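To keep things clear, I will list the structure first and then write my remarks on it.
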């Protein structure tokens, strides 16, 4: 049974429920194929050693998303505008802000404004007839521009809900004030902020076992890391927590990590990008399907 | 007899009166259960030594608020959207801005913009059918961004009143320019600014007996501290002054302090958060009820 | 005969004339009771040695304004909203911006944004039925934020006029770039800027005899200081110039100064705050009446 | 034959033509009486040694403008509002931005925002019935705030044209990045930028013969300086270039300079302020008429 | 067959297709005559040694554009307003932002805001009847103001498409954070960002063979440089990549470079400005036609 947030307009409650059912495949979890790295990491995730040549074509991500079993594919509206006509059946999440990694945190505090608003997403959904199910936005907590991003995030979640869209927030502590971005306590705080913003899903980094705030967790090293997620999962409450996939890893390790995150840490799935799209199409599809199987079917 | 501010639109005067009667339980005072710390203090107030495990679930605050005798529960709209359907009878105050404590005052001046406006609160009230009675906002006086926050505060109070909502301002002197945040004279100034902004309630920190500006107060140390509030209570005039609850204390001390604040200092109640929600449910409810008894029934 | 500025909308010309007649009591001068210090000076003007205890209650200013003969009482809208119902006959000027004195000019350039706009003042006037006759705004010329304040000032004067309200600008040179805030030449410049902004009245500081720009004035020391105003009065042209009252002085000195400002300097009255409201009610009323007599009746 | 820019709305094309005919007196040139210095130079241009006492009254400029033969009188809207009723026949250009000279370029980069927009000018034109023919705006090229001013300038020119008003841009290279404000090559660049912004007239400083970029000009010293204008006149294309009058000079020198600017440099007239209004009324009128004769009748 | 982006409003799909057909002359490539340098380089590209005297007249570019075979002529709206009536048949692209080169990157981070929006372009298109086919905008990736420009770019592309206009983005990595603006990997990243913004064309600088990121390319020096474009062309996907023309070169070298860019690098044409307009009219037209022949007809 899907619980519909109260800021969803009454006339869009069934739409919201349908979107949530789509991205969770009627489970409690989401498998998010994250494809916003063309801005976040420029071309470093798409071209170079160890990356399939196919990945340098933006269409590669759409091909994977259309053939694999995924909850939703998150990317920028501009790519949807140019590729959507050939990939009409993917559940899309429009990522509304993105920044490059050129300006480092040592030079200036992280800042990322929304490119377009929910109004434009709704207009685009109508003009394009694409199955857009939600929107995404990144907040850099601890940045000196935090105030601007909290404001945009709150409004995006609110307007998404009013219009029956689901909302995903990337909650990343970052900036001079953030000593350890992987500290499980800080990550729990970020997850909790995502909940106060009303997000349906918060994406956080996987807390690190070696972090300052990770002393109180369990014994086994691997198990321990997944346990570090529990504080954040609890702090997020009804907002579902998903872990960022991070850098490319070998398949068994990745799937075991995901399994642990879900079954030990209590997460509601994950958001994977590079680990999928840096592989050739068939391999990427197989891998995405494996992730989906762990996520949706255990 | 409730005095209705003149910026309340004529057609919403009875609504305003009803809201005020609700939060004061027809007394002259308010008992505000403050639950905005998931942003302000990240997860530090909800998880860790000395904090009940239940507190890491955001629902804990709603459970307390629904079972205890309170004037109003103040928290962010996002949490109302996800939990309100199960807690339909709590008088809610939507806290419109919040910032994390990651960026310290030594790094940058405090800044906190409103997440949503009164228009969205009114739309949400209609869509959700929740008994929202007012809005809250924090102003950091003495910050280099003071000008932005004074502007937002004035508009929020004004639009809240126009729509029949009550308004609560958290007035906190903070920033490089503020030597002593607990100086009773500065706090009285902050209370007075809240009055010029038209707030119905101003929440201030409890002035400290050891502060520079506290020389002119009475003899006994404990009594003295509560006396330090009198300047601020007077300066606020018809705007009712309430004290922030602050860090967790033992019950008798807390209740005595509250009693002194009201009966010696002249405050109109208090705003308590951590002291309540860090306890297990039943204890928290009992404690909140005790606070309510002191506040509403003396 | 009142000259009505051409930006007053034709349908509000008689309203404007009535407002001007009210504040000048059909003379050429205004006696402005300035009560915006609860923000500008926090509680320092309202509580402490040499200040009547009554002054710490915001209602004190309303009581004075209602009993004394004044041109207009200038204060923030929030106070009008809470006290206006008991003081329905005072001609009010809504002061639209205010800043605290916590951040000093040595720390950051002065900045003060409007809290509310003329639209809200007009809406409030209608909802409250209060006799609001005009609006006020402070410009810190020479601040690095001067550009923002000039823009807001120009728009506030313009929209006030369009709606038949009179406008008063507090023109204060301030910031790192301003060596001497009391230099008569700079003050004349500030008065001239007020004229280009279209203000009906500009309030300036009383130029100081010891200032760099005061060499060309007359002989007697006291007379000299009032003479220093002549340049500014002329530069303001049809915009009437009034002097800030400044710190508390003994009554005869104050009245003589005012007389000199008017009859030697050529000002159109004054704006007095602290000098009036720091006294007990009856004394304050008597003093205000004396000021009014000097201003309106010579 | 007046060429009407294509951004003029079809229904306002004849209005635009009439305005252009007015300010050029049906010649190809404009004689602009510039009266925005009460902000730009505070009272330094209006009061002091060598300045007629009459000049400290703002009405002095209106008196000159009404009695002399001029193309247009440029000043701020606030002065028009207070004096226009007595000077109903002067073709007015509303100067939309102005800054004081208190903050020097060594302290902060020059910044000057529009006070009012074209919408307000049009509303004022209707309410006042004054013959407003255009708007003016200053751009400080090379300032770190250049981007804001280019945006405002482009929009002001565009909206002025849409409404049938003519537009004059003051194009001044200024800021830390500008080594030599009088360099003819930089000035030509500024003139060209004015053309891309769509201005009808660009006002630039008179390039200086001693400047770095002035090597390629002719032989005679005086002639040489006027020749330095040719690059800028050409670069401005259909946007007519006028020179700022600058500081007060003796009459024959001034008129010869103007003649050279027009006949050697190729300018379309000049903008003169101080040189005119610092004189007593009759002398000022005679001087303005002489300028007009050189400009319009050769 | 032209592929129409999904953000084009259904009622403007045929308009978009017609515009695209115009600028590509029904090929897959564009020949863009870039004429925005009057702001970007002030007068340095139009006047001086080695530049035809005709070029200092803005009309020179229009004359070339009208006589030569080009895809589109990109310049600022202000110039279209003043020259368009005599050049009614040129396909125009309105360049919406421009900055001067006065403030260097060593002084401040590059920043360039849009002068006008797509709404104004559409209004102007209607008022002027000019064949405006699209809009252009520059993004400085890696600037600390990147966030502002990404937002404006995304909205301009989106609104251009909604209205049936094509969009061209100048994607330039620039700022303290950018070590090598010609690094092929960074340029590929910039091209990819252009794709996520939804642009139809991205204009990038020609990657340099000597750059850090150019190790993996082919053998021959000349061929090698064109090969460096392949990564960017692939990364841009369906967004067509065009190279900036850069500084003036001799004709055979320029045409060979262009041929290599297209046939080795895979670009969809180029954007040439200075190389064309610095020549006398007939020579410029011949050269533009040669570029068109290489671009459109191979």
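Letters A, B, C, D and E name the chains as they come in the text, with residue numbers starting at 1 for each one.
Just so it is clear, contacts are C-beta pairs under 8 Å (C-beta built on N, C-alpha and C of every residue); 3 or more make two chains touch, one makes a residue touch a chain.
All figures in this text were calculated on a predicted structure; none of them were measured in a lab.
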- [ ] Spell out the chains that contact subunit B while also contacting subunit D.
- [x] C
- [ ] Could you give the separation in Å between the centres of subunit C and subunit E, each centre being the mean of its C-alpha atoms?
- [x] 56
- [ ] Find the geometric centre of each of subunit A and subunit E from their Cα atoms only, then give the gap between the two centres in Å, rounded to an integer.
- [x] 34
- [ ] At least two other chains touched by the same residue of subunit C: list those residues.
- [x] none
Open item on the list: Graph shape for the chains shown, where an edge means the two chains touch. Line, ring, star, complete, or other?
Closed with: ring
Open item on the list: Touching residues of subunit C toward subunit B in the complex: what are they?
Closed with: 36, 38-39, 42-44, 46-47, 56-59, 75-85, 98-100, 102-104, 107-108, 111-116, 120, 123-124, 127-128, 130
- [ ] State the interface residues of subunit C toward subunit D in the complex, per the touch definition above.
- [x] 3-10, 141-144, 146-148, 150-151, 153-155, 157-158, 161-162, 173, 175-178, 185-186, 188-190, 192-193, 195-199, 231, 234-235, 237-239
